[in-house]
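Across the two complexes that follow, chain A remains constant while its partner is chain B and subsequently chain C.
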Partner chain A sequence: MADFSKRPVVIGLEVHIQLSTDTKLFCSCPTDYIGKEPNSNTCPICLAVPGTLPLLNDRAVALGSRMGLGLHGEIQHYSNFHRKNYFYPDLAKAYQITQYGLTISVGGYLDIESEGGAKRVRVHHLHLEEDAGKLVHPTADGRLTGAAYSLVDYNRGGVPLSEIVSEPDMSSPAEARDYVVRLRQLARYLDVSDGEMESGSLRVDANISLSNPDGSYGTRVEIKNMNSLKSLERALMYEISRQNKVLDSGGRIIQETRLWDDAEEVTRSMRNKETASDYRYYPEMDLAPIVITDDQIDKFRRSMPELPWEKRERFADCFGLSKEETSILTEQKELARYYEDVVSNGAPPSRAANWVRMEVLRSLNEHGLRDIRDFKVRPELLAELVKRVEAREISSTAAKEVLDLLASGEPDLGEAIKRVGAPAGRVTGDDLSALADRILSENPDVADAIRSGQDKKGGKVKFLQGLVMKETKGQADPKEASEVLSRKLGF
Partner chain B sequence: MKMTVDREVTLRMAKAAQLRIAPDQIDHMMDSINDILDFCALVGDLDCTGTPDFSWKMKKLPSRRPDAPSDWCDRDEFKASAPAMDGNFFRVPKINAEE
Partner chain C sequence: MQIHELTAVETAKAIKEKKFSSVEAVKAGFERISKYEGHVGALITTLEEEALRKASEIDSRLARGEDAGPLAGVPYIVKDNFCTHGIRTTCSSRILENWKPTYNASPVNYMNDAGAILMAKANLDEFAMGSSTENSIIGPTKNPRDLRRVPGGSSGGSAAAVAAGYVPVALGTDTGGSVRQPAAFCGIQGLKPSYGEVSRYGIIAYCSALDQVSPLARSVEDLAVAMEILARADSSDTTCDGYDRPKFSGALSTENLKGCRIGVFAGFEASQMDPDLYGALSKAGDMCREAGAAVEPIDLPIAVKYGVATYYVTALADASSKLGCYDGIRYGTHIDGPTLADMYANTRTASFGEEVRRRIILGTCLLTEGFYQNYYGPALKVRTKMTEEFDGIFEKYDAYLLPTTPSLPYLLGTKETDPNRMYLGDVFTVPISLGGLPGLNLSMGFNGDGLPLSVQIVGPRYGDSKVLGVASVLERMIGRPRVCDPRALGEVA
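Here is the complex of A and B:
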């Protein structure tokens, strides 16, 4: 377990988000590379054939601006591209086209939750750049060691990325995780990216250091290769422990890039950290600067949807929901829309919130569904079910079984209720009395024990009451059932 | 302003470019780079007053394109011209950046 008390932890993140364009950043090759044959989404431009020229994708500019606005950044009227030189074959040109210095969005922030409450993480800037291709090493374990050569697939090369660089404002792995969760949520709300870490649509590099005794920043280490939120947290935890151990033993931290090894749960030194001068940035003369007018910025701003934190606030104000409820219901905008549709179809907001966040999410999980749009129980059907529970026409217990049938494909609510066998309406009066008689006659030993005073703690009456509730699928009032049983047992 | 590189910077540049450089080649490479920098300084000193720049070309070219996929090239032709292929992959020398 990492010790946070020894030296304050300072974390800054660089998050790469693949933009949801149909084509690459500088050519018209498709971006849907997953599962495609190697190098099938390539052309002379992304393969860097001499004489070809890049041409900027207009939608990438729009999506980058949208994300910048979502982060409260300032969209720049003028920005440009640079060449970032590095000798590695995952980019055919031997340089990456990226923004450096003059970027599309500057500043901004993202509010996260920390152990001490709400916290604001400042964003340094957002810039656009092209993704790299993928290298495959033809060895048994897929590692470079032992390989005689490497293989390259450039399908991903040139896919547009927005890189969001935070200020070093996070002080624990949990905060870093929450920052990424909220950034991903924002990207999804804005339809900027699907933000899937597992498939590589969202990738995180972390810079972490431990503060010096005088409070100044320590030497920072960059960590790469974290493919999930869990990996991110574990890698940071490991690194805090490692750096503390090095410093405790009188050593010093080397500025370097380290790779997270998910299997071994360690970070390993990859290379000494490059500085900007190592990349020899220089302006990309083959591309015109990005000029964005005030009118365009206004248009981007007007097209912004309701953002997660705005939705949370509205749900609390309009529906009277708790912080926890709004947090869960707005986690995905599709789920929030589903909930609102249930409410607009007449279900009481509070009852609907319980059903969606408890039963619907449980059912989605059981059916292995990640997207509420694939859920077979449409909002109007759930609203009708919730209304019947509210009217006490069906018990909550029976309604949950009904929901399961609907989620499994039963399209008709009446039929589902019939199949569950829940009585239509409450079981009371003569019906309840007759049922109590039957249960007592089927359990004579229990009834006799109660009558002869062997139920001091009341457990046996409760047992009979449970049988009544089970038989009625929860359609009897527990208090009334208990009274009827007691009367029949003679006390 | 005239710039120069020394042996240390020369070695760092060679490392960044993944070039192996023998000790007896360092001075020669350093001198060559300094010759290039001298030439850049010479060009930088030119009086360009009144000379139109190249930016007019940019103004005439489209600066962005719509996000519409197209499939206009013969990929087999490119693959055939690649130095080495392995199936549909391009085959390249291994680079030790990860080691």
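Here is the complex of A and C:
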């Protein structure tokens, strides 16, 4: 386990998010490269055919600006692109077009909440750039080593990314994780990106150092290749231990880039400062500068939806929900929307919150659904169900079964209630007595054991009581059921 | 006059009036080509069959009374760095030796839409890097005015083709003088428009920041008409300006230069450059005065002192990254090797010529950490200072005259061994490129040895019309350049 007390940890993150445009950053090829036949989403521009020129996708500029505004950044009236030069087969032009120096959004911050409490992480800037293609190595493990040849797929080449560079304001892997979670949430709220780490729509590079005894920054190490939140945290944990060990044994940290190996759970040196690439940044003269007017910035601002933290605050104020409830309900804007629709259809806010938070999420999970919009129980239906529970027309237990039926495709609430078999109204008096007799006769061993005094802790009576409640779909009073059973058992 | 001696406008008019057909015009061009191309070597690819087919299409359209465009049936040539659909586009380089683009450069589409007939693809210095058209896969182009001399470069093939009467009009590209200097060496007119006037889409880049498509012709009127066809906004090139362009041929009605203020370069003594060219500049100044202009001498200290260095830093840096795409993977020559790095090295070493490799290496070096701060950074600052110097001039003057080149066309093989000397030949053209200004080479007749003389007319950014106006007045006074039958001149002292 990493030791945080020994030397303060300093973490800064560079997060790439794929902007959800229909077309690439500099041409009109589609961006949906996943599962596509290699090199089918390409054109002369993204293949760097001689004579072609890049054309800037306005939508990417709008999405980048939106994200910048979401991060409280300052949208720049004038920014431009540079060429980042390096040779690699996945880069058709031998340079990546990226912003450098003059970027589309500068400054800003993101508030996070982690085990250490609330914290503001400052954002250095946000810039636009194009993605590279992909190399495919025909080896068993998919690695370059041992491959007789490699294939290149340019489908991803030119897909728009925005890179968000934080200040080194995070001091633990948990904070780094929370920053990424909040950033992803923001991107999704703004419809800027789907933010999926597994599919590569969101990629994180981390810079981490351990501070010196005098408080000055230590030597920074960059870690790449973390494909999930879990591997981000593990890689940072590993790196803290590694650096502490090196320093404890009197060693020196060298400035380098390390790759996280998810299988071995270690970071490995990729290149150090001496062998670091010199990208020879050069202004991209094939593109006119990006000029954004005050009017456009106003327009972007006006088109901003309610942001996660604004929604949390409103849910707490308007619906009287707890902090935990608001944070779960606002995690995804679609879920928040669903909840609000349930409430606006007449369900009491607090009970609706419980239902959405507990039962709906459970059901979604059971049905393997990631998006509430695919959930068969539409908000108005759930509202109706919640209202019936509230009116004591149906027990909570029965209602949960009803919900499951609805979620499995039963479209009609009345029909679902009938199918669950929950009796209308309560089971009491003679009905309850007759049911108790049947339960006792069906479980003679249990009844005998109780009568012969073997139920000192009362567990066996509770078991019978549970059977009664199950048979009545919860429509009996548990206390009354217990009393009726005890009487029949002779005490 | 014979067909091949006519200008583009005259040819178009004659075809429209059915004095001869487009097919006849194309045939006349190919007669010249078959007669002289063996000596001149201006063309990499000829397109006789396609040209005749298109010409007969134009003839049919005209016969039906259709408007087939302002240059209907007129033959033209493009430099071989313009992409042409299905037609080999080599850039004079082994790396693109057999490459056929799948699309047309925008300017090629514009010319075709105007009814012009593409006859051939012209020779150039590899990737437009050079001033003599000697760095080429097909060997050097010779100057038709004197076959022992270079035609200038890098658009030497286009210039030679126009001078030799293959075509009345050709397109080249000018980055630091690549159209103006060969126009000067071949004794014809050539205009590098303001940066941003003409789309660069489909032009194989040398330097994105400076490349500009430029017409060459034997009359200023042809240049103006070509500009009307070429200069327009193009949604495929964001550096091509979207502004409403003037009617360039309107400038041709400029009767005299009364009320005009014209500056004449006064930075060199006669001894610092070729005396005949110095004389041509003075003569041009006198002609302006005669035409009613107020003419004053004016220096250009920053641009002349720092222009060449600034230009080469800017252009080479750009070229080094722009030429990275020739990696042997997607198109062009591929030479394998045991590792990826070997494949890159094998492909690029064997397929780029010496001058191109020199410029890539220099450009790469210039952008490397440390060098950038010492070279590229200062170059940007100097460029700003130069722009201010030009702004100062054009606050006072309508146009500025300076030489196009400091020397007359030199003998083949005499300068290519010394790149530094060749680079200095660009002293008067590169500052204009760095300023993004329009610059027109105007033929000023010949010296006593029969070698072409010229002057460069420069205007403010987007003042292309002004430049054409001044040029047309001077052209009327001195006469239009004529087609020549390519030949070698006698011994030169």
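Rule of thumb we're sticking to: the second predicted complex is superposed on the first by the 429 of 491 C-alpha atoms of A that agree within 3 Å, B and C clash if a C-alpha of one lies under 4 Å from a C-alpha of the other, contacts with A are read in each partner's own complex, and residues count from 1 in each chain.
Here, contacts are C-beta pairs under 8 Å (C-beta built on N, C-alpha and C of every residue); 3 or more make two chains touch, one makes a residue touch a chain.
Note that the structure is predicted; figures quoted are calculated from it, not measured.
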item: Fit-or-clash call for chain B and chain C when the two complexes are aligned on chain A; value: clash
item: Partner chain in contact with A:A288 - chain B first, chain C second, else both or neither; value: both
item: Partner chain(s) touched by A:C29 [first = chain B, second = chain C, both, neither]; value: first
item: A:R83 touches, of chain B and chain C: first, second, both or neither?; value: second
item: Partner chain in contact with A:G51 - chain B first, chain C second, else both or neither; value: second
item: First (chain B), second (chain C), both or neither touched by A:M270; value: first
item: Which superposed partner A:Y95 touches (first chain B, second chain C, both, neither); value: second
item: Per-residue contact with chain A, leading partner among chain C and chain B; value: B
item: First (chain B), second (chain C), both or neither touched by A:D178; value: neither
item: Touching partner for A:E359 - first (chain B), second (chain C), both, neither; value: neither
item: Which superposed partner A:E163 touches (first chain B, second chain C, both, neither); value: neither
item: Chain B collision site on chain C, chosen from 44-52, 278-286 or 386-394, when both complexes are overlaid on chain A; value: 386-394
item: Chain C-contacting residues of chain A that also contact chain B; value: 44, 47, 49, 55-56, 85, 87, 89, 152, 278, 280, 287-288
item: Residues of chain A defined as touching chain B within the complex; value: 21-23, 28-30, 37-40, 42-44, 47, 49, 55-61, 85-89, 136-138, 144-145, 147-154, 259, 270-271, 274, 278, 280, 287-291
item: Partner chain C, residues of chain A touching it in the complex; value: 44, 47-56, 83, 85, 87, 89, 92-95, 152, 278, 280-288
item: Contact footprint of chain A on chain B as seen in their complex; value: 12, 16-18, 58, 61-70, 72-73, 75, 78-79, 84, 86-99
item: Contacting residues of chain C [partner chain A, same complex]; value: 82-83, 89, 91, 96, 99, 101-103, 105, 200-205, 207-209, 235-239, 317-318, 320-321, 324-325, 327, 329-331, 340, 344, 364, 367-369, 372, 376
